[in-house]
Amino acid sequence: MNGGQDLGGMHGHGPIEPEANEPVFHAEWEKRAFALTLAMGMPGGWNIDMSRFARENRSPADYLAMSYYQIWLAGLIDLIEERGLVGEDEIEAGHSLHTPKPVKRILSPADVAKTLHRGGPTERETNTAPAFKPGDRVRAKNINPPTHTRLPRYVRGHAGTIERVIGCHVFPDSNATGAGENPQWLYTVRFDGRELWGPDGDPASEISVDAWEPYLEPA
Amino acid sequence: MSGHDHDHDHEHSELSETQLRVRALETVLTEKGYVDPATLDILIETYEKKVGPRNGARVVARAWADPAYRARLLKDATPAIGEIGYAGRQGEHIVALENTPKLHNMVVCTLCSCYPWPVLGLPPVWYKSAPYRSRAVSDPRGVLADFGVRLPADTNIRIWDSTAEIRYLVLPMRPAGTEGWSEEKLADLVTRDSMIGTGLPKSPKDLAK
Amino acid sequence: MTHDHDHSHDHGSELSEMQLRVRALESILLEKEYVDPAALDALIETYEKKIGPRNGARVVAKAWVDPEFRRWLFEDGTAAIESIGYGGRSGNHLVALENTASIHNMVVCTLCSCYPWAVLGLPPLWYKSAPYRSRTVADPRGVLREFGIELPKDTEIRVWDSTAELRYLVIPLRPPGTESWSEEKLAELVTRDSMIGTGLAKLPQENTR
Amino acid sequence: MNGAADMGGMHGFGPIGIEANEPVFHAEWEKKAFALNMAIGVANIWNLDAFRFARESLPPSQYLNLSYYGLWVVTLENMMLDHGVATSEEIKAGHAQAPVKKSKRTIAAADVANMVRCGSPYNRPSPGPALFKIGDRVRARNIHPKTHTRLPRYVRGHAGEVTRVVGCHVFPDSNAINAGEDPRWLYTVRFDGRELWGENSDPTVRVSIEAWEPYLEPA
């Protein structure tokens, strides 16, 4: 979606403010929001693309005015409410009011280390051949789906070069909407700064994105 | 334009409101048995105390000290990093990017906050902020200037917009005057920002300070 | 995912805060004599009471009954509209857009809120809002649906993104069953939205007045 | 600039809030905010393009969360500060502080009707012949200036057709940064919806914009 999260190339957001000796978390509630989000992935049954979409799928006015973990929290609330795991009334009350919906399993303390170490690999077996090879000239398609996509607006319509064939990976555009993993070949595509930003671009800069095959056409 | 009026005074009340919301959520989810409170504590401890840029620094230091390891890292970083014992969530496919005198690499995620957790831990606030995410792809030199880094005009800058499952780790250049240093000592020179590309490693002189 | 879209900080607190801020500005500018208090009243009166979509409705009604005027209107909107006595601020270059059985015109300003003040008065809130500004250029049919308008599938939709210099006035189709109606009576059928393109002219039976 | 004002094609803002029998103003302060801006415009301390630039330069989170006239008020304050019309102490106090420096130009109530009638035309004598004519295929340049421009992001890089040669007009990109009026030829350019939004978009849609000559190149 062309939402508040698609920030590449926007102006007006002001200076970057690195914080000296920044702590990992800035408040107790951030730790809890972080851990709750990770812990709910297993009982909730959503995938990473669904949770990314849940975070970005809100008014850009809200997205840009919220802090990072506020966005996580809002995404988590949307996900659990949509699936009927928790009701708005329960969050309001701060207590469970209804019988819990049964879930397959929850993340136990003993499984945390193992689960984190395993992560969520997205590479899949395939018997198709990649359409492009390193060195090929490609153009990012001009697509504007209202749902989740990993193709940022600022590269759409622009031509670049295939730098790397990464492998066949779960396609987030499908996975985020519950339409299945639909694995597709994934490439690293390199763009020239001037190609993306015109005469205002830095001639000595190049920008790479990882793009799934459905995002690309021969240039 | 004008720099006035950019403060957001609603942040305070929002914080306490969010605090209450998180507490409510945790209570509800715990009462329903969806989460185990001990699990939450372990998750927090893992990312607050155990996983952090020190991991990445060890990877970089080994690559500086051991040419064979360097070659393995640049060829396929995921198993090379696994050798040292780092792997997993938000780092399932890692690619190492080699800085050279002619090429400087910098990593951003314009769409969200993709970051190599197993080697760098959780990203700092600025990495997730709109100013960094918006400008890193279109004005990398300006961004580097914000970090106090000035590169020669003829150094090429490569921006990696981490839009997918690949997580990038920048392998900075080994500082001069560190010949014969141990891996452990070298790791002390490797800053978090040097592995994102918004900084350079410390020099032996910096370390002495 | 429609929750959380309300902007609770938009109303109560902003309103009272803005009241105070505007009062402060007014006092300062009056004290420094940058503005004349009677001029402020005249400006408010003009745009609140005198200039509004009633002006545009008269233009449309005349175009419906007077073929000569209609021709002139599409040839030189500014001059034709001036002949009825409307023109001026934000209406210097007025262009009339002709709806036909196969073409429907719609006006938006994606970058700010350009609008033909001289014939329509000040724009309604929705015209200036992010939902309308963001979606009209990409999904005009979806926008029309929200206004309760469903056009035939093969109707061509022309969206005019009004970037300041030209201001557009849509001339809607004359409703059937209005043959021999007077200009005055016809003007009652012309809604504001029909002249922006988010509506159609009323049918005789819809005109209850 | 690629700021929050450049909304064309963005997702996530939700439904359009249509208000039945909407009043012209929603609060007394809105009337005053409107009239103050109109009246001080006559003093010619800044031009309208500069005012638009100041308004869109607000941080996107602020721009998107302020109401319409709220944006006017905040921008007016900023312009007054930037142009020495008032100090921040005066704005805080809500009064001019002695010694009061009075304005030389102002608008009297008697002049309002005339001002409303005459407006402020932006067309100027042409410095040379127009480069394009009706029917010409043109492409909107891929430019990303950090300052004011009237070329929205969603048309950049895309090809369309000149449907009207409007005349020679003050060039806002120049006027907004006080670099002079620099009049340029202005055209209406029509784009096919599928050219802008991709092959899957509505084939019956055409979108027109006004584009100054420096925004365009032959396609």
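Labels A, B, C and D are assigned to the chains in the order they are written; within every chain, residues are numbered from 1.
In this text, a residue touches a chain if its C-beta (ideal position, glycine included) is under 8 Å from a C-beta of that chain, and two chains touch if they have at least 3 such contacts.
As the structure is a prediction and not an experimental result, all values here were calculated from the model.
The chain with its CA mean position farthest from that of subunit B is C.
Between A-D and C-D, more contacting C-beta pairs join the chains of C-D. If you average the Cα atoms of subunit A and of subunit D, the two centres end up 34 Å apart. Our note on geometry: subunit C versus subunit D, Cα centroid distance of 17 Å, whole angstroms. Chain geometry summary: the mean Cα position of subunit A and that of subunit C are 40 Å apart. Averaged Cα coordinates give subunit B a centre that lies 50 Å from the centre of subunit C.
Contact with two or more other chains is made by residues 9-11, 13-14, 56-61, 64-65, 77, 144, 196-197, 200-201 of subunit A. Within subunit B, the positions touching two or more other chains are listed as 6, 8, 130, 138. Counting only residues that touch two or more partner chains, subunit C has 5, 7, 9, 130, 138.
The part of subunit C that touches subunit A in the complex is made up of residues 1, 3-5, 7, 130, 138.
The touching residues of subunit A, when paired with subunit B in their complex, are 5-11, 13-19, 22, 24-29, 31-36, 38-40, 43-44, 52, 55-56, 64-65, 67-70, 73, 76-77, 80, 85-86, 90-96, 100, 103, 106-109, 111-113, 115-123, 150-152, 154, 166-167, 169-170, 172, 186, 188, 190, 193, 196-197, 200-202, 204-212. Contact residues on subunit B toward subunit A in their complex (touch as defined above): 6, 8, 11, 14-15, 18-29, 31-36, 38-44, 46-48, 52, 87-93, 110-113, 121-122, 124-126, 128-135, 137-141, 143, 146-147, 153-166, 193, 198.
On the subunit D side of its complex with subunit C, the touching residues are 5-11, 13-19, 22, 24-29, 31-36, 38-40, 43, 52, 55-56, 64-70, 73, 76-77, 80, 85-86, 90-96, 100-103, 106-109, 111-113, 115-123, 150, 152, 154, 164, 166-167, 169, 172, 186, 188, 190, 193, 196-197, 201-202, 204-211. Subunit A contributes residues 54, 57-62, 74, 77-78, 81-82, 88, 144 to its touches with subunit C in the complex.
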